[in-house]
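Each structure below appears as structure tokens.
Both complexes below contain chain A, partnered by chain B and then by chain C.
Right after this comes the complex of A and B.
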């Protein structure tokens, strides 16, 4: 484990050195990333010009909703910083046969393929997310209890683990199919469902969709559960989703690992 | 190792362009090649088309929840059904105006030098890209008509009754011009690569502006109440002076009857004017860019 931590530290250091070599580009990347986020926040502010809350009686009024948005930003910033830059390269590695060079190295292939690049500019969004979280929590009718503060970081890690597992499953599909740019689009589209409170998925179409995104691909647990714990009053019923999220995160990690190993076993090199 | 230098000269491409039949034959050949290329990854293409509907689904649920929590019968003149119809119609509009990979592809070809083949072959680069994009769109519509048809049939209750013939014609004209506007704006953006080595951040900034100001995120009429600091001028009016809204908002608003009569006619002429401006900008960028560009290699 310490060997892998040390290697990851080397990767991170190399990425930081490269980012700092092109400092202007790094700053520009941070700014554009923040611009995207600012645009989304402006959209939510616009929505609250026309409504007091998202969904009647859901409790997602302005302050709790922005705590929800901040939670999503923090989780996504961690995923974008640690895993996405490496995952984005995998399609080309498979298509060109570059994956062979990864497989012959004396390291775990999943570790090497998912964590060899670190995008520090994505951390900017996470820092703004922390600021937005502080702003939102200061405006709640009731401040979060100490137990909510204790569980919140654990649930954030669970959210990251579920998203990481989804990336690994898509990486496995890439290895099996050879080319699947659409499946990476699929990652963005499916995580889109986690951007809003689960309560909006109601009615004859929304109910089954909510169930599928909770129990089949547990994407609705990623942001909803930690955000609900920190932004809404904790009740006895809150503990089931908490336990479910921790269980879903562990199960996702195990299943994605097995699927990835199985995909690697079926890999046929594309190189000559 | 020998080194050969090539300086931009687009003159050879003009020979074919001035012979109408030969030019048309080349263009049709390019179109056929691009269609065949597009059909190689059919499964990937179909999956990608279906996936594009997923963000709309969340928007529909979001606005349904917003209307459920408010007592207002409409928001900026849009009922809940209008908003759903609007998002679906912007999907159609974006299917015409979005040009994924166009500007980045042009910038890459300038950076890695592959653009040089268009300078020595009797093929005009912009025409080739246009043919490739038409081919991409034709194949896309061929496949997308089924999921689009299915979704629009399922959501038919959200739409107002079929508009009159003049509105339909205006809608079709705005769609065709949105394709040309989208193409030439992105192509011009990609040609910034002649002046800057790395343009990815500029492209991302453009994408942000385009996404916000095109009306892809929400109907731009919602900005009507937001002041700009200029007396009597709202943010919605400022956005309508720019070309971006023709690539998503305008055709959808035309179909839904939000823009009609002389205002619609004037907007169509303004859109045509923007298309001409962007064609000129793109041609000028190519002309100036190829004269300052040079490549070296064996």
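Right after this comes the complex of A and C.
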């Protein structure tokens, strides 16, 4: 484990050196990313000019809802920083045969493929997310209890693990297909569902969608469960989603690992 | 020549098939292809048997698409075979055991393994971490290798700013930092100028002799083969066509030698034509193809006519022999199939 951490440290250091080599590009990436986030926040502020709550009786009034948004920002920032740059590069690695060089290294291929690039500019979003979380929690009617503070980081990690597993599944599809340029688009479409409270998925269409995004691809658990734990009062009912999210994260990691290994065994490589 | 002393590479009946889908021409055919695709099986490698001993430097020759790179990819565990077995350093390559992967290196001339935007020194550091190389040993090996190739000044320069030859030298340094016992080289001199080629030849020869590294080299440049390899394996259509020494390939597949004469005048050229040997006149030079067994008889006869300033007797160029070998190989049949199946592993 320490060896992998040390190698990851070397990757991170090399990426930082590279980012500092192209400083203007790095600053532009930070500004673009923060700009996109500011627009999203402005949009939600606009929505709350017309309604005090997202859905009657859901508990997602302004302060809890911004804690929800902040939780999503933190989780996404971790994923965007640690995993997405490598995933975006994977299609090209498979298409050009660059994956060959990864497979001959005496290291876990999944680790090498999913964590060899670190995007430090995405950390800016995470920092803003932490700030927004502090701002919104200070405005709650009741501050989160100590147990919520203890579980929240664990659930954040579970959310990251579920999204990471999804990336690995898409990576496996890329390896099997030889080319999968829609990987990033698909990722964007599917993770879009996780950006809103689960309560909005109701009615004849929303119900099945909510079930599918909870039990088939547990994308709705990623932000909803940690956000609910930190921003809404804990009740006896709160523990089932918590246990479910931890279970879903573990199951996602195992299944994605198996799918990835199976895809690697079928890797055809590209012609030289 | 397939049995080797102390074999580090042992291959039996190794085969790799690929199912490829035909892409029909035209819009209608393309739309039909969405629902029904015809495919065929391409046999990239057809049951190869080979043994390579420790410290051997083996050239793997063959035309494009012969199966050379597929063979190297199987031996390095990148892909899995359809049939057959292989053991490299006692390991089955496609099981991808870390202990195995720590003991070999693969260099591909057409692919860059160093970090593009960073100096090679950063890639070397990463290599040290991945291969768990002791810091003192790492520094010693790196210094030795960069000095041998004369690239010390380049390791702090971003890789994207380097020439192709410089990049290849640094790729070789990176590949040898962990002191591999087996080295697979896939066209390492492709696109390089003669000076860079020569430097790399000298370097590889030195490394292979000093460290007893087993090397398998694929190349289209016969200069690489002549400079480095004693043993040659020719692959065509996925089969081994020849496995033997470089000297033997010349003896076995050529019946004549090339005699080149620098002539003084046209009278000397006319004398040669009168003798009736296969002769080509190129300006002041005459090139004769003479039966190897008859050289001693023919040369005095040729020189007797006078008007010859200089003479050289050489074997047929290796390129010519190998090209003839490639052409003589029987074409392989491909199995057609209308199936819509997945690629075979």
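List of remarks:
Everything below uses one rule, namely that the second predicted complex is superposed on the first by the 271 of 272 C-alpha atoms of A that agree within 3 Å, B and C clash if a C-alpha of one lies under 4 Å from a C-alpha of the other, contacts with A are read in each partner's own complex, and residues count from 1 in each chain.
By definition in this document, a residue touches a chain if its C-beta (ideal position, glycine included) is under 8 Å from a C-beta of that chain, and two chains touch if they have at least 3 such contacts.
Not measured: the values here are computed from a predicted model.
After superposition onto chain A, the modelled positions of chain B and chain C are compatible, with room for both. Of the two partner chains placed around the shared chain by superposition, chain C is the only one that A:105 touches, whereas chain B remains out of contact. Seen from the C-alpha centre of chain A, the directions to the centres of chain B and chain C diverge by 80°, a value given as a multiple of 10 for the model superposed on chain A.
In the superposition on chain A, contact is made by A:269 with chain C only, not with chain B.
Of the two partners chain B and chain C, it is B that touches the larger number of chain A residues.
In the superposition on chain A, contact of A:26 is made with neither chain B nor chain C. The minimum CA-CA separation between chain B and chain C in the overlaid arrangement is 7 Å, rounded to the whole angstrom. Taken together, the chain A residues at the contact with chain C in this complex read 3, 6-7, 10-11, 14, 17-18, 21-22, 96-98, 100-101, 103-107, 109, 265-269, 271-272.
Taken together, the chain B residues at the contact with chain A in this complex read 41, 44-45, 47-48, 51-52, 54-55, 57-58, 61-62, 64-70, 72, 75-76, 198, 201, 204-205, 208, 211-212, 217-218, 222-223, 225. Across the complex, chain C meets chain A through its residues 18, 69, 73, 76-80, 96, 98-102, 104-106, 108, 110-111, 113, 115, 117-118, 122, 125-126, 129-132, 158, 186-187, 342-343, 345. For chain A in complex with chain B, the residues that touch the partner chain are 25, 28-29, 32, 35-36, 39, 42-43, 46-47, 49-58, 179-183, 185-186, 189-190, 192-193, 195-196, 199-203, 206, 209.
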